[in-house]
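You will see subunit A twice below: alongside subunit B first, and alongside subunit C after that.
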Partner chain A sequence: MGKKIKKENLKKLFDDISKEYRVIAPVKRKDDYVLMEVKDFSEVALDYPTTVLPPKKFIMPYKEPIFALDGGEFKEIIPEEKIAFFGLHMCDVNAIGRLDLVFWNDPYYKARREKMLVVGISCKPIETCFCKSTGANVLTNACDLFLKADGDSYVGFSMTEKGRKLLSQLYFGPETVDVKEVKIDYDEKLHLDVYAIGKKILEDYNNPVWEETAKKCLACTNCTLVCPLCYCFDVIDETFVVPNEGQRVRCWDSCLLLSFARVAGGHNFRKDLKARYRNVYTHKFKTFVDEFGVPSCVGCGRCITFCPADIDMRETLSKLGGA
Partner chain B sequence: MENIYKPFKSKILKVTEQTCDTKVFRLEVKDFKYSPGQFVELSIPGVGEAPISITSSPHEEGYIDLCVRRIGTVTNALHRMKAGDYVWIRGPYGVGFPFETIKGKDIVYVAGGIGMAPLRSSLNYVLHHKKEFGKITVLYGARTPADLLYKEEFDRWAKECNFLVTVDSDKLPDGKPSGWKGNIGVVTTLFAKLNYSIKDAIGIVCGPPVMYKFVIQEFRKAGMPDSSIYISLERHMKCGVGKCQHCQINNRYVCLDGPVFNYADAKQLPESI
Partner chain C sequence: MKPKVAIFDLTDCEGCEVQIVNSKFIDRVLGGVEFVHFRLGQRVNRWDNFDVAFIEGAVITSHELELVKKIREHSKLVIALGSCACFGGIAAITNFMDREEAKKYVYGENADKIETLYIKPLPEIIKVDFMIRGCPIVPEDFERVVSDLFAGRIPREHTRPVCMDCKSKGNPCQLLKGVACAGPVAYGGCGAPCPSAGVPCDGCRGPLEDPQTTAELELLKKIASKDDIIRLFRKFAPMAPIFKEIGGGKL
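The block that comes next holds the complex of A and B.
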């Protein structure tokens, strides 16, 4: 069941949320859109193609202190902040849902996630979108409240108790809209059977596509940085000038980096870029599927947009699928 | 909620020098249940954390031993520590050797270099429960006589099992003669000295990556099926709990599914060795 909200009333919704949360929303910055903290509703971009960085920027920050090293003791630093995402697209909402599968027992992720509010919004799929292929075009309860565009208005759908509370506010109209399933539907440029392709990765391990694409790949890690589901991390101790004081931090890492599978003494289990490049796909479409039943890709298309070498993940996948 | 990354404090009870770059650290633990082949994440505050295999055996209570080569940041810092100092550990992690499956069988251990560390845990466990296993053989190779670990246990092992040692070179690291009277050659040369069939035995291997291929060839030559071979794999597990992805090999995690793998399984995983 959905309830209508007029576009001009979105500000009231935003202000209500702002009272309780640190609100993160898409904002236009020069030619791009970014997710950032927003204080005033007028800054929010309701209509945007995609943001440069995904919500993981706030859910598992690039460099996050996990322990204070206080006099040589480890003291956990559990984040207290209450974040609300306002205006996430369906792909990013689903990316959060898939991260939940991995980090359900991670104390830092969980602390943020439990206090979090996620408000999704309709999108207009662009050329690089392939969320339908990855099954991330359908609304799930990773989203508390979803705002589906409907002419000059929006229809709000609540998926959780937090969402229901917001939906009961007066700025949502009384009339209900009966919808069984909220999903983003469009014609994908290239529809892929990612599950079938994922199975092929291990069977056809030396497919020439890896060699070919690795020749173009710069190993710059742009794709893994902008990916809403690349969550590899490194753990580093940082010390301050004072002896015995410092912090243990968790940082984003990338399996495309030469050092990723290197062990003490220098042996590297994925020395070749070909192997590292393939690993991105193995993890997203095979390992993760085996582990959680869905790919760790939501088809947001960021890796395509931000690849300086013009590598298109969809093409790589379709070559594997023999299309 | 329990923090899965939080290590606990542990006192270094004893440090034993093994070779010029390898020491055994005895750490105090209470109610610490583990099985041979498992590892811990060892932390030194301000330096970092590293995965280290346990070299003691579960029947030794009140402590665990870690055999550590000085090779990275954490291990270098650890080597500067002494009895009475504190480190932090969490674990144990991973799946160890499948003793239930291999009960009653002959076992051939093949250890190369520091690979002896995790194998010693398994070996001492098996020797402690000797009645439950068949004939035990250990083939152990190191670079030079000065690089051999656990020399103090050689006599006992020689009594309790078929224990064969070899060195790649009998010269000391400085090039001087060592007076070594034993075997010279890579560890696979010891297979020729086995005077019984190992066809139905269980092979357990741990060593540098280059060693596995040759040892497995020898096992196969002896008629041992791949499913009877267990290998312990090395990776730099950063989290130990299947999240950071550093030890991922296709659809397996060394920290969760290993570090001990059945070779029939591991050979399906390109990049595993």
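The block that comes next holds the complex of A and C.
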């Protein structure tokens, strides 16, 4: 059951949330949109195609200190901030849900995530969207509150206790709407059976598509950085000149880099870019599915939008599927 | 006894030395080492045997050629400081020109009095133990190398392209805007100050390990002229491997 909220009342909802949380929302930049900290509701872009970086920018920051060495004493750094996302699309909300599958027992991730509020909002799918193919177009409890556009107003759906609290506020309702399932429905440019394709990756390991695409690939790592589910990280020890002061940081890494699969002694499991490029897909659509039942891709399309080399993940997948 | 450190400068702008002075940990560095030779930073300098010598700048005169050999003989470790030392730097653009004409263009009738050699990167002249790249270097790299040396570790190379510094900040992609950018093949760790300020990466830190040069050049040819591509790679690290070939016209 959902409750209606008038568009002009969204500000009240936002202000309520701001009292308790550091609010992160989509904001228009010159030619694109970014997720950033927002103090005033007027800065929020309610209608946007996609943001450059996904919510992971705030959930597991690019470079995150995990412990500090201070005068010879070790101090664990557990994040204490309370973050609220305001206005995430369904794909990004579900990406958080899939990150939960991997990181729920990670103390740094959990500390942020448990205190977090996620407010989703309707989207207008764009040309690069394929969330239906990845099953990420359906509302799940990764979202506390979802705002579905309905003419001039929105209908709020709560999925958690935090969401229900907000939904009980006076700026929602009294009108209610009965809906069994909240989902984003549209015609995808290319619908893919990603589960079937994922199974084929290992069976057809030397498919020419890897070689072809790797030739175009710059290994710039942009696709993995903008991916809401590429979570691989490196751990680096930094010392600040003097030997008893420093920190250990967790920093985003990318499996497209030569250094990624290099181990002590210098052996490298994925020397060729072809193998590294294939690894992105093997992990997303085969091994992750085997482990967690869903692909580690939500079809947000960022890897397509932000690839300077014009590589389209959907095309690679469909060639692999033999379509 | 504190390690004895020297910082020498050859033909350059001294910008990298300024970056060292800019380091927020300079007091810690000063507390940990003895600068026995640092012309830009102190008044009294002397020759000694150095534990570490940093050499900034390009070798352009025979005097500098002799000097770097002498520094090598006096030092346990030699570290090339900045892209002039590592890759010839801006001065090495003249390597792609007629040297006599370039001299006349710059010095006019005094050209005859000027000595200028073909500019080789420092590691081609003497043994260099590590390179701190960049035009200029970033203070963090200097701090990292000094920290590692203090801790008895081999300094770690950056293995990420400038794109990673850039996109992790959420910057718009220069290549997607149709601007020729060296980011994908450029050695990162700089924090991508150029694309963050809205201008493309010039690859001042030289090439990344395993750069996808063929794919990068294919892409650049679609958005830039051959001359522009050559200029891009000839700018700050003209004598770096790969960049040298592109700058020389091998596209």
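We take it that the second predicted complex is superposed on the first by the 317 of 323 C-alpha atoms of A that agree within 3 Å, B and C clash if a C-alpha of one lies under 4 Å from a C-alpha of the other, contacts with A are read in each partner's own complex, and residues count from 1 in each chain.
In the analysis below, a contact is a pair of C-beta atoms (placed from the backbone, for glycine too) under 8 Å apart; a residue touches a chain by one contact, two chains touch by 3 or more.
Since we're looking at a predicted model, the values are computed, not measured.
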- Determine, under the contact definition given at the top, whether A:G246 touches first (subunit B), second (subunit C), both, or neither. both
- Message: On the A-aligned overlay, A:E8 touches which partner chain: subunit B = first, subunit C = second, or both, or neither?
- Response: neither
- Does subunit B (first) or subunit C (second) touch A:P308, or do both, or does neither? second
- Task: Would you sort A:F74 into first (subunit B), second (subunit C), both or neither based on which partner it touches?
- Result: first
- Note on the structure: Larger residue footprint on subunit A, choosing between subunit B and subunit C, goes to B
- Item | Which superposed partner A:L225 touches (first subunit B, second subunit C, both, neither) | second
- In the overlay, answer first, second, both or neither for which of subunit B and subunit C A:K57 touches. second
- With the two complexes superposed on chain A, say which partner A:D290 touches: subunit B (first), subunit C (second), both, or neither. first
- Message: Is A:E212 touching anything from subunit B or subunit C once the two structures are fitted on A? First, second, both or neither.
- Response: neither
- Query: So, A:R270: does it touch subunit B (first), subunit C (second), both, or neither?
  - Reply: first
- Item | Shared contact residues on subunit A - subunit B and subunit C | 236, 239, 246
- Item | Interfacial residue positions of subunit B with respect to subunit A in the complex | 1-7, 9, 43, 45-50, 69, 71-72, 75, 86, 88, 208-209, 234-236, 238-239, 243-246, 248-251, 268, 270-271
- Within the complex, which stretch of subunit A touches subunit C? 29-32, 34, 52-53, 57, 62, 215-222, 225-226, 236, 238-243, 246, 252, 254, 257-259, 273, 306, 308-309
- Which residues, counting only subunit C, touch subunit A once they are in their complex? 25, 28-29, 31-32, 143-144, 146-148, 150-151, 156, 159-161, 163-164, 167-168, 170-173, 175-176, 183-185, 209-210, 212, 214-216, 218-219
- Show which residues of subunit A lie in contact with subunit B when the two form their complex. 66-67, 69, 72-74, 76, 102-103, 105-107, 110, 202, 205, 231-237, 239, 244, 246, 248, 253, 255, 260-265, 267, 269-270, 275, 279, 282-283, 286-287, 290-291
